[in-house]
Structures are given as structure tokens and as C-alpha cells.
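In what follows, chain A forms one complex with chain B and a second complex with chain C.
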Partner chain A sequence: MAEIAAQVLLGLPWTIAVTALALAIGLVLGMPVMLARRSRWPWLRFLTGSLITLVRSIPPIVWLFLIFFGIGSGYFKISPFAAAVVGMGLISSAYMAEIYRGALLSIHSGQMEGASALGLHPVRVWIDVVAPQLFRVALPAMATFAIGLLKDSAVSSTIGVPELTFQANAQSMATYRGMEVFSFVAAVYIALSVPVAWLSRILDRRLRAKVSR
Partner chain B sequence: MSGEQALSTLSENMPKQPLVHVSELKKSFGSLTVLDRIDFDVAQGEVLAIIGPSGSGKSTLLRCINFLETPDEGRIRLAGVEIDAGRHPGQKQVLQLRRLAGMVFQSFNLFPHMTVLENVSLAQKRVLTRSQSEADARSMELLDRVGLSDKAREYPYRCSGGQQQRIAIARALALNPKVMLFDEPTSALDPELGLEVLSVMRELAQDGMTMIVVTHEMHFAESVSDHVMIMADGRIIEYGPSAEIMRNPQSARAQRFLHAVRDR
Partner chain C sequence: MNVLFEQAGNWLPHLWNGLKLSLGVTVASLLIGLPLGFLLSLGVISRSRAVRYGALAVVEIGRGAPSLVLLQFAYFGLPSTGLVFSSFAASVAALSWSTAAYSSEIIRAGLQSVPAGQSEAALATGMTRLDTMRFVVLPQGLRIAIPALLGFAILIFQTTSLCFAIALPELTSRAYEIGTNTFQYLPALTLAGLLYLAVCVPATLIVSWVEARAAS
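And then the complex of A and B:
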């Protein structure tokens, strides 16, 4: 079993890499997407809203197939890992934009007005006043999404990314010990998810303690 | 008469330029006209109280002075900075204007993720580019002035409503504004806590701060302000020295309003 476990764990860096990169893309791109969704121009709001709906309506596995077997085969060569990161990053951006939007709506408009009335430049209003409050509100939803993304990264096994589920599948077929192999890989996913949830709860409690009784 | 004396007499006789000059100000929300050709001046050191029924445009007028609301038309001049709203002013001009006007809101609008000291120091660092220690030293002076230096390290939620509003006043004063704008500063407070805020405002007025105060506090309007403006339906229906306006309003609408608020 130790040998099987060692083989399965070869997929761990790939799982972490796909999840972390897709999450990073989402964290960064989610912000301009959210801002475009709240633009003063109706056409941009409509365009961004439609794109978010489109991205969220299609299952992750279909996105990965579309990128890897569709764009990747006909137009330009793309590795399974890159296709997984791009696909999951795309999905991540759409979800993060909505998480940010929800968090922004919870911030009282008086916060922006208070900062603007002090003569702060709009960029500073965002950096000093809006963003810290936005991330505090968004944190629990972001942690839930990150855990979901970690589990969804298993989908990338279908296009050949040698991550945890891919390795487990290979070991199961090679050894016919499916029960043990998949139980082990399930335990690895739990071991990865629990600290994320735990850390986010601690951070949330700490940040919340500053602003409420 | 010496040349110096002549110059001094001349400058005394010349009409003083008002610190705040608002002319032909118009603002609509869709088809609803909220401000209709508003004109008024406020002299240096003067306290102007703006009163009137809800929906009369008082708060919108105040918010137009520092462009939190952009007027559709009209001109605003504040301590030498003049903006013509009709010409779509740039961000630089608007920021310049805001730096001259401190604003205090009904709902305080303190930043909950910052300590009281950080709240007061923020704009000093960002706008006046003061160092952290300079800003903090000035903030402590201002917090002391509003009687709250002991709260400097606390977060706003640990302060009462009255204390939060006094902190908001200190924060607005931190930029050394030429004029202070108060938007119903005591409306969210119970009468006892409102008194602490009014007392700080009274001291500010005594120190010569130019103030424009939108208020429902009739006693404050009568006893502290130099002039009172009564608004209704987006227009100024009465304007003049406070004692005169509060005791002897001319228009029927103003009489009705004052009668109603005094009978409450």
C-alpha cells in the first residue's frame, strides 16, 4: 500500500499547481471583471454579465474538453496542464467576480463617500477603504470556492494532467485495489481541504473581531 | 492720510469676497428637479443653517458643494477654487475643492477596519503627504480637541454614536478645511448623544470655523448660526439672519414648516 500511496502522491504537486494557479487567475481577473459588470456603460455590463452566465452554465469538464480537444487540437498546441489552468482559471474568474460583487454590495455607500469627501483619489479610496472591507466580507465565500476548486481540479485528469485522481485511477487499474486507492486519495483531498477551511475561519474571526462586537 | 492708511480704508470699504459662493445651481434626478437655481454666499467665519422639510433638497445641496453629487449646472467657488458644473469639471479640480471642505455625515461613515487614530490620520498621509508620525501627532491634537484622545487605539465599533460623530468631526478637521459641511450630524443620535456633538460644533463656530449645517435642530439653527436658509421643493424660500428668519418668516410655506417643527 505504501508504494501505491507514493505513486498517488506524485499527483499532489499537479493538483496543488492547477488549483493554486486557477485560483490566482480568478483572484486577479475577478476584480476587473466585477468592475466591468458594474460599469457605467450598459453595453459593457451586458457583455460581462453574459460572459459570466456563459462560463458558469457550462460544466468544468466541457470547458476543459473545449480548450484541450477543441482549441488545442485544431488551432494551436496546448499542454493538458496549460489547458486545465486556463479552463479552471476562466471559471474561477467568473465566480470570483460574483463573489467580489456580492461583497461590494454589502459595503455601505457611505464608506466610499466618506473617503471621497476627504479628497482621496479614487484609486486610494479603493486601496485604503473599499478593498480591505471587500476582502473581509468575501473571505468565507472565497475559502468555500477554493475548496470547491481543489475538488474540481480532479476533472483535469480527464485530459491527462497527472494529478491525484489521475494517479489514483492509474493505480486502481494496475493493482485492482480500487477501494484502498480511492479511499486514500479521498483522505488526501480532505487533508488539503480542512486546513484551508480552518485557516479561513481563524482569519475571518480575527478580521471580524476588529469591526464588530 | 498716509498711503498705508488709505490702503487699509480702501480694503475695508471693498466688498469682502465670500468664502463660499454658489450660483445658479441646478440638479435633477431623472425628471425630478431637486435643486432649482440656487444662489447663496457664505462669508468667512459664518455659520449657515439649512433647514426645511424632508425632500426639500437640503442634503443634495450640501453634497453638490463638494461634488459628492455632480450638479447639472451652476458654479461653485470655494476659497478661490471655482468650478463650473456645466463644463464637466475634471477630477483634479473636484479633488482640489474637496480638500478645502470637510464633511460630516449623518451616518458618521468612519472606516470600521481602521482604529480611531488611523481614521483621522489616513487623509493627512494620502492627501497632505504628512509622515505617519506627523499625521498621528496632529490626529491626537484633534482627538483631544473633541475629547476623545483616550479612544485613539480603539476601533470605531467600540465607541458610542456621539463619540463616532465627534471622531468624524476630528477626521474632517484633519485636512485644515476652509469650510465644514455638516449633513444632519445629530439625526442618527439620541438627544443626549446629539448634545455632545452639538457642543463640539458650537465650539468650532466660536473658534471662527465657517460652517454650513443641514439640520433639524431648530435651537442650534437659532442660537449658533448667523444665517438661516429655509428650503422647500428644491428652492430657497427664505434666507436671512437667523433670529429674523426663525422668529418672523415671511412666506406662508416657511411659516407652516416652522410651526410644524416647533409643535412637535
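And then the complex of A and C:
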């Protein structure tokens, strides 16, 4: 069993890499998507809203297949890892945009009006006034999403990324001990999500202390 | 993309059968999972510590492990204990567990959002605990939980795509199969994506309508 566990854990860096990179893409791209979603032009709002619905309505595994087999089997070769990161990154951008948008709704419009009335440049209003509050409000939802993403990264095993679930599958086939193997890998996922939840609680407390109330 | 229009007619019946299977797994998982989720939600708020911890363990494993791992556990793992499942039964077993775990949290949140004064008042008028639950807390709590449960139903429908991994011939598996046979992955998978959209987009619109109605 220790041998099997060691083999399965070889997938751990891949799981963490897919999750972390996809989350990073979502954290960055989610911002412009959210801004486009509440642009002053109705056509851009509609376009972004439709794209977000499109991304969220198609299951992650279908996105990964579309990218890896659909696009990647032509002249444009793409590695399983790159396909997984691009696909999961796409999905997390759409989700993060909605999380940012929800958090922004909770920031009183007087904050922005007050800041611009004081003569702050619009960019500074966003960086110094809106963003710190936005991240604080969005943090719990972001942590929940990150844990969800960690579990969704298991899907990348289907296109051959050698992460935890992929290794578990290989071990289950090699040893015929599926029961132990899959129980172990489930425990690893649960163990991984505990520190994320814990970290988010600590960060939440710190951000709360930094920004008033 | 021309292939998509030429072949759509040939592929659609095949994919359509896959979609029906996806919907079948969804409905079966909801029919089994939601009542279990309801029982688990009562277990988690139970006064008996043993019941509470037992229910919590079932919920936390169901929510903490990826659905893909639950599916593979049911299909590849359980046979070593002598329980052999068909891929359909394994899909329904794993996704019912997922459904029960997630919906129990949704239902619990709904039940706990009913003000404590409601059940205190009911108990004070001499209603039994069971009657208080049945006539006062449940009707209000479940109504609060409905929009979130509907949203979760859409999510479970999307999750059935993972049954690809245990060889269930649902929508995603069939699109992939067409891809391997014809090397036309992009058009076949696009068509499958469109079928998912055709179910999820109207469903999402209905859920947001129900949400808006519940909020007003």
C-alpha cells in the first residue's frame, strides 16, 4: 500500500500546478471580463454575459476535449498539461468574473463617487479604494471556488495529465486494488482542501483588520 | 466546420441517445440523492452526537472528493468488495452520493434560515417537535432552498459528462467515440457542446426566473 501511495502522490505536483495556474489565469482575466460585463455599452455587456453563460454551460471535460482533441489534433499541437491549464483557466476566468461582479455589488457606490469627488484618478480609485474592499468581500467565494477547481482538476486525467486521479487510475489497473487506491486519492483531495479553507480564514481575518470593519 | 453541417444529420441521432442517457442519470441521481440529502441535513443538525458525526462524514467525503474519483471508486473500487456495478448503476450510485452531500448542505442552510422564534413559538403552543418540523420549519425552509437546489440540478447534469471515464455511453462519450472513429473531433465535440447548451441555457434562465420570484 505504501508503494501505491507513493506512486499516486507522484501526481500531486501536477494537480497543484493545474489548479494554481488555472486559478492565477482566472484571478487576472476575471477582472477585465467583469469590467466588460458592466461596461457602459449594452452590446459589450450582452456579449460578455453570453460568453460567460457559454463557458459555464458546457461541462469542463467537454472544454478540455475540445481544446486537446478538437484544436490540438490539427496542425496546432498542444500538450495535455497546456490544454488542461488553458481549459480550466478559461472556466475560472468566467467564474471569477461573476465572483468579482457579486463582490462589487456590495461596495457602496458612494465609495467610488466620494473618491472621484476628492479628485482621485479613476485608476487610483480602483487600486486604492475599490480593489482592497473587493478582494476582502470576494475572498470566501474565491476560496470555495479554489477548492472546487482543485477537485475539477481531476478531469485533466482524462486527457492524460499525470496528476493524482491519473496516477490512481494507473495504480488501480496495475494492482487491482481500486478500493484502497481510490479511497486514498479521495483522502488526499480532502486533505488538500483543508489548508486552502484554513488559509482563506486567516487571510480573511487579516484583510478585515486592515480594511476597517 | 463544414463537416459539422454535413455530418450533423448523421451524428445527431447517436448523440441524442447519449443526451437521453445523460438526462436519465441526472434524474435517477436526483430522485435518489435528494431524499438522502434531506435525511442527511436532518442528521447534521441532530442532537445526537453519533448521528451528527456520521452524517457529517458522509457529507464531507461526498463534497470533498472529486466526483470523478467517486465515480471511479464506485466502478473500479467497489468490485474488489464483491459489489459489481454496471456503468449506469455505478454512475447513479456515485452521483447520488454527490447529490445527497451537496443538497444536504443547501437544505440545512434553508432550514436554519427559518427564524428560531418560529419553532420556539410552535413548541410553546404545544406542538410536538415532529409536528413543528413538519408544519412550521419544513414548508418555509424548503421553499428557501428550492432555487439553490434547481441550480444544483443543472450542475449534476453537467457532472454526468464525467461518466465518460467509466465507459457510460452518455453524450460526451459518444461525441468522443465519433471523434476517434472519424478523426473529426472538433465538429463532433462542438455538436455535443451545443446539445449541453441547449439544455443548460434554458434551464439557467428558468432558475434565475425562479430565484427572482423567490426574492420578491
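For the reader, a short list of remarks on this structure follows.
Everything below uses one rule, namely that the second predicted complex is superposed on the first by the 205 of 213 C-alpha atoms of A that agree within 3 Å, B and C clash if a C-alpha of one lies under 4 Å from a C-alpha of the other, contacts with A are read in each partner's own complex, and residues count from 1 in each chain.
Everything below uses one rule, namely that a residue touches a chain if its C-beta (ideal position, glycine included) is under 8 Å from a C-beta of that chain, and two chains touch if they have at least 3 such contacts.
The structure displayed is predicted, hence computed values, not measured ones.
Ranking chain B and chain C by residues of chain A touched puts C first.
In the superposed model, A:V129 makes contact with chain B only, not with chain C. Within the superposed three-chain model, A:A2 lies out of touch with both chain B and chain C [touch as defined at top]. Of the two partner chains, chain B is the only one touched by A:G114; chain C is not.
Touch criterion met: A:S73 reaches chain C, while chain B stays clear of it.
Once both structures are placed on chain A, no chain A residue is touched by chain B and, in the other complex, by chain C. Within the complex, the chain B residues that touch chain A are 66, 68, 91, 95, 98-99, 101-103, 105, 107-113, 122-123, 126-127, 155, 157-158, 168, 171-172, 175. Chain contact summary for the complex, chain C toward chain A: residues 60-61, 64-70, 72-73, 76-81, 158-159, 161-162, 164-165, 172, 175-176, 179, 183, 185-186, 189-190, 192-193, 196-197, 200-201, 204.
Of all residues in chain A, those touching chain B in their complex are 108, 110-111, 113-122, 124, 128-129, 132-133, 136, 207, 210-213.
Listed in rising order, the residues of chain A touching chain C in the complex are 53-54, 56-62, 65-66, 69-71, 73-74, 151-152, 154-155, 157-158, 165, 168-169, 172-173, 176-179, 181-183, 185-186, 189-190, 193.
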